[in-house]
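Input: structures, listed below.
After this come two complexes, each holding chain A, first together with chain B and then together with chain C.
Right after this comes the complex of A and B.
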């Protein structure tokens, strides 16, 4: 990047310039502080507040006259231990499994479809603009609206049943409700992956393919040896974002199938249902567990696959120090977006 | 710290208790402008009601705070406001099932019955929904009861009377289904999707068979032969296809559509369906072909579950005297009559059901009164949300044939016993 090159020349200069450099640092700190304060308010504070809340319980006891005993009570880790035991534990592990299952299945399907869409959109053909625009329509629709849309499609007398000529009760417990959520989620978000991959595709120079053709590479070989490795940075970011999104999936199963359905109950739904019954302590505990789960997944993804989330690494292979800092940041970033995710799940 | 908090809370509580009785006239003090928190007014009539009050009370104006349409969101907003002890809402329009929770948390104040002179003229079952532990916390302004919609044209053709019992209904179905016109029709459907409507339909089946979900003593008593008879009736309906299997996905609207499209002979729903099913614009295939009756039961007329709304006074508002006057105004016969005429919402004022003019306009009023007169409230418990969820779990598992009815009720009894410990 351009601002990095003057910094490289500075160490060789005089003391005065270095002092000037320090002044710049202070100025940077002053200029950045509003941003940091806002971040602390909207990211750090809610996380800490949720952590604190998860250690308390309130309004769960009734006195002899039938009134709720007021005030909150510090219960330590009781809210957490309660989640992992007995009937509540079964429900939690079921939700945990559902959340993980949706994430793995949906993201896999979306990646395959998204890459296919990107390849189609990338090709030069007549009416490409219309194809590109129409593929992006699902992504533009708010999730709740698309959930309602699919709810009508999957009604007992809806379009889906009319099309396949059978009466499948999609919103009841069982594989069909799971399938309906997967279909709706894939329909909505495959275009997102398609969009990011398309951006990646457009950075690949055409000459590489020409050279490959001259060398006699088959289209499949071109795809596996050229396209995939070169879109990998963009693809990994897209997949990571989708994973973080799907881990906190809420609206689709909630609206499409309904709350209280074991087959599609996710961790976000559990947290929401607890909060709805004004049990904020256990709700915060669920949200915190989900937050940690999302953070761990994001961390593993970045560590194992080296996803370059904010584009720091690319183009600077010669500066190992910068590279390391870049990786550090790319670990932080998904954690932030996970925090926002948990926040919105609870609210 | 926690100990001192609890002590402090109980000390405050003790102070409040002293003034919570029915002789407590000092609690309703303060006059001035107030606010009225209610769900989205879809009828457009609320404004004219409030305007009528405001015209006569220049110094005690009422401002309407419209909350979202979904009941869950209304409840969430009211709870948030109460928990921050905000005086943003003065009068709360509470769904009947929220009374216990709001009362137990002291979010609404106990009302002295003598301050509400019209109370005795309301249908007693509706007043009962506004009570928690025998104390009054609200005034019922609208009510609701289940009705049995049936295809009068087909029943007449087969020469059968509207059924009063489940046995009669089954017999009527067999007779009518023998007609060529009723080919492919199912017998009956209510609301069986896993949501609040299932709690309503389950309670109706249990109560109509002589059972209870939660008894007079406030204890669950659902593992009984009567309750089993009620639940078995529904389960058998699904097994024999008298209830179409799609009905497990029916909420009010899905069921109404099926009935309007001529797929159902009998349908349990609320009074609002009457106007829609009678539309002549082509949206209903059965206008002029249906009528309503009270719900059937096991050995006689059935027992409906009560719906409706109560108006309560927030514990954190300043002008409680004005709030009480406004509630009296809205609950008055004149205002309720105006409301029925405009919105066809069921009133709580008994005399309105016998009003000849209204009966002409709304032919369902007589069966609806019969339905509401004998109707039962849903369990009056603080953790109503959890209780309703437990009921839905048990009922849904039984109706989808996942659990035997007997087992479902035994499980439900255990679950409810742990939820209703107080």
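Right after this comes the complex of A and C.
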């Protein structure tokens, strides 16, 4: 069926395009407008508004002549310069460091664990249903609930201390609270990365491995030369999404350790606490910096590593195709290069 | 020699099973601890036995103590997550079908923009919206939670739905249109019924995401009667006046999670298909 379809659809497709060409652009615009309006209202407007807001200060203050100034006032980049100096600056850099540290550590751990899990699940023919179901358990538990759960485990006389026979005050301050956040985050999302990588693994045909075995490739060579390159597109997208998700980490440190704890305060928490004090200007400045940080990371990730987030490359024949419709192609193409790679590595 | 190869093949056979066992334990053990803790007597809270020695539903009763307002918060969560899901599906279905089927310029750009919007940090969206909602007096209303929730729910739903639609052969609509259907009729009478499983899966994924939302809920609402379950749980004071009533919090956690888990277990195949379609493709 799939072999026949390209030949069949191609003439039909060009015909269809020619016939509807005039109207489709407009029709598409009409059909997409509700989505675009909603996203403009709940995403684009707030981002622009945050940019504007970050240039203002709001609330009451006293000006030089002793008059009370009410309402918001344009202060230019004052909110930003304030962030980078003095005590506020220390707090900001601490939050910035925490955010970055959590992202790097958690995503690294989750990726390694997730890939290992995916390999195990891929090898195991029995019990796949059970594994799949249990992997979804951490995913489905609300982050707040899992934060409470880990807080409970990390209580002074809780399960974690009983298990390791220590008396660590986990969720107070310092390295132990950082560690507790990392453990909780890894628990919740490593299986999810495993799930995505497993889906990628399942698109690799068994013949490649057989060919590699015939050529005498060791399991490690097979993993590095075949599995990793072929699973890379799926892995990159999973890692990118986890990175962006961890950069905005909020619920977990907020509930597990608590607000205002220096060792786990992230940019999101800092901005949230400022907003709760109705200091919208500085809050918006923090939020804007976080937004730019996320944007830069996403951009660099896509540019440097070529993560194919929307599958746009699937249309181009030169790249491996990931979409269902191009599955026939996607198995063929990398096969050659991977087999060559293994062959050269072995010889 | 033959003994050795038999040994390795035994290893080969059992190693993945051991691995699978480890993964299952890794995923389920903390959750199991939550369930066990929920069914202890409040006085045994710090008991670390593996099963609740005297089994007790005291904590479950505590959760529904009127002071906690937990029952009400469950209803609020249901209203917010349910409405978000329905709105998302209505808007998202049209967009996803358009993106999957119509040929127009900037299609990939569109899809890219829509997916990108889901990556923005929630706090950057919440702060300006918070100020706006204060101005238009939306604070402490359901819409103050539902509308911002669309920012992550809508891209998520469009993405999964687009993949589902793409998997359906184009010939279906073409045949329907040859038989005299308009494109809209072809969508409604042919595609939608066939896409029902995909739509349903998307609904579950969206609902779970909305149900688990915390940042928006904690920012926009300060009135107890309208808070969602996630916000209420972490503010429990408990009835017995201890510092943190972990017993009842674990019980509440189980109550909040179990409906999701039942849905996840029943539809796990489809959910995995939906998630990986969104995440991998």
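Operating definition for what follows: the second predicted complex is superposed on the first by the 281 of 347 C-alpha atoms of A that agree within 3 Å, B and C clash if a C-alpha of one lies under 4 Å from a C-alpha of the other, contacts with A are read in each partner's own complex, and residues count from 1 in each chain.
Simple rule for what comes next: a residue touches a chain if its C-beta (ideal position, glycine included) is under 8 Å from a C-beta of that chain, and two chains touch if they have at least 3 such contacts.
Everything quoted here is computed from the prediction, not taken from an experiment.
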Partner chain in contact with A:24 - chain B first, chain C second, else both or neither: second
Which of chain B and chain C A:173 touches, first, second, both or neither: first
Touching partner for A:218 - first (chain B), second (chain C), both, neither: neither
Which superposed partner A:117 touches (first chain B, second chain C, both, neither): second
First, second, both or neither for A:73, with chain B first and chain C second: first
Chain touching more of chain A, residue-wise (chain B, chain C): C
First, second, both or neither for A:108, with chain B first and chain C second: neither
Which superposed partner A:81 touches (first chain B, second chain C, both, neither): neither
Which superposed partner A:260 touches (first chain B, second chain C, both, neither): first
Overlapping contact positions on chain A, where the chain C interface meets the chain B interface: 155, 157, 276
Residue ranges of chain A in contact with chain C within the complex: 5, 9, 12, 16-17, 20-21, 24-25, 27-29, 31-32, 34-35, 38-39, 41-47, 49-50, 53, 117, 120-121, 123-127, 129-153, 155, 157-159, 162, 187, 191-192, 194-196, 198-200, 233-234, 237-238, 241, 244, 247-248, 250-251, 255, 267-268, 271-272, 275-276, 280, 283-284, 286-288, 290-291, 294, 298, 309-312, 315, 322-325
Partner chain A, residues of chain C touching it in the complex: 15-17, 19-20, 22-24, 26-28, 30-31, 33-34, 37, 46, 48, 91-92, 94-95, 97-99, 102-105, 107-108, 110-117, 119-132, 147-148, 150-151, 154-155, 158, 163, 166-167, 169-170, 174, 208, 211-212, 214-215, 219, 230-231, 233-234, 244, 246, 249-250, 253, 256-257, 260-261, 264-265, 268-269, 271-272, 275-276, 279-281
Parts of chain B lying in touch with chain A, wherever the complex brings them together: 1-2, 5-6, 8-10, 12-13, 17, 72, 76, 79, 83, 103-106, 132-133, 193-195, 245-246, 248-250, 254, 257-258, 382-383, 385-386, 389, 392-393, 396, 400, 402, 422
Touch list for chain A against partner chain B, complex: 59, 62-63, 65-74, 155-157, 167, 169-173, 258-261, 276-278
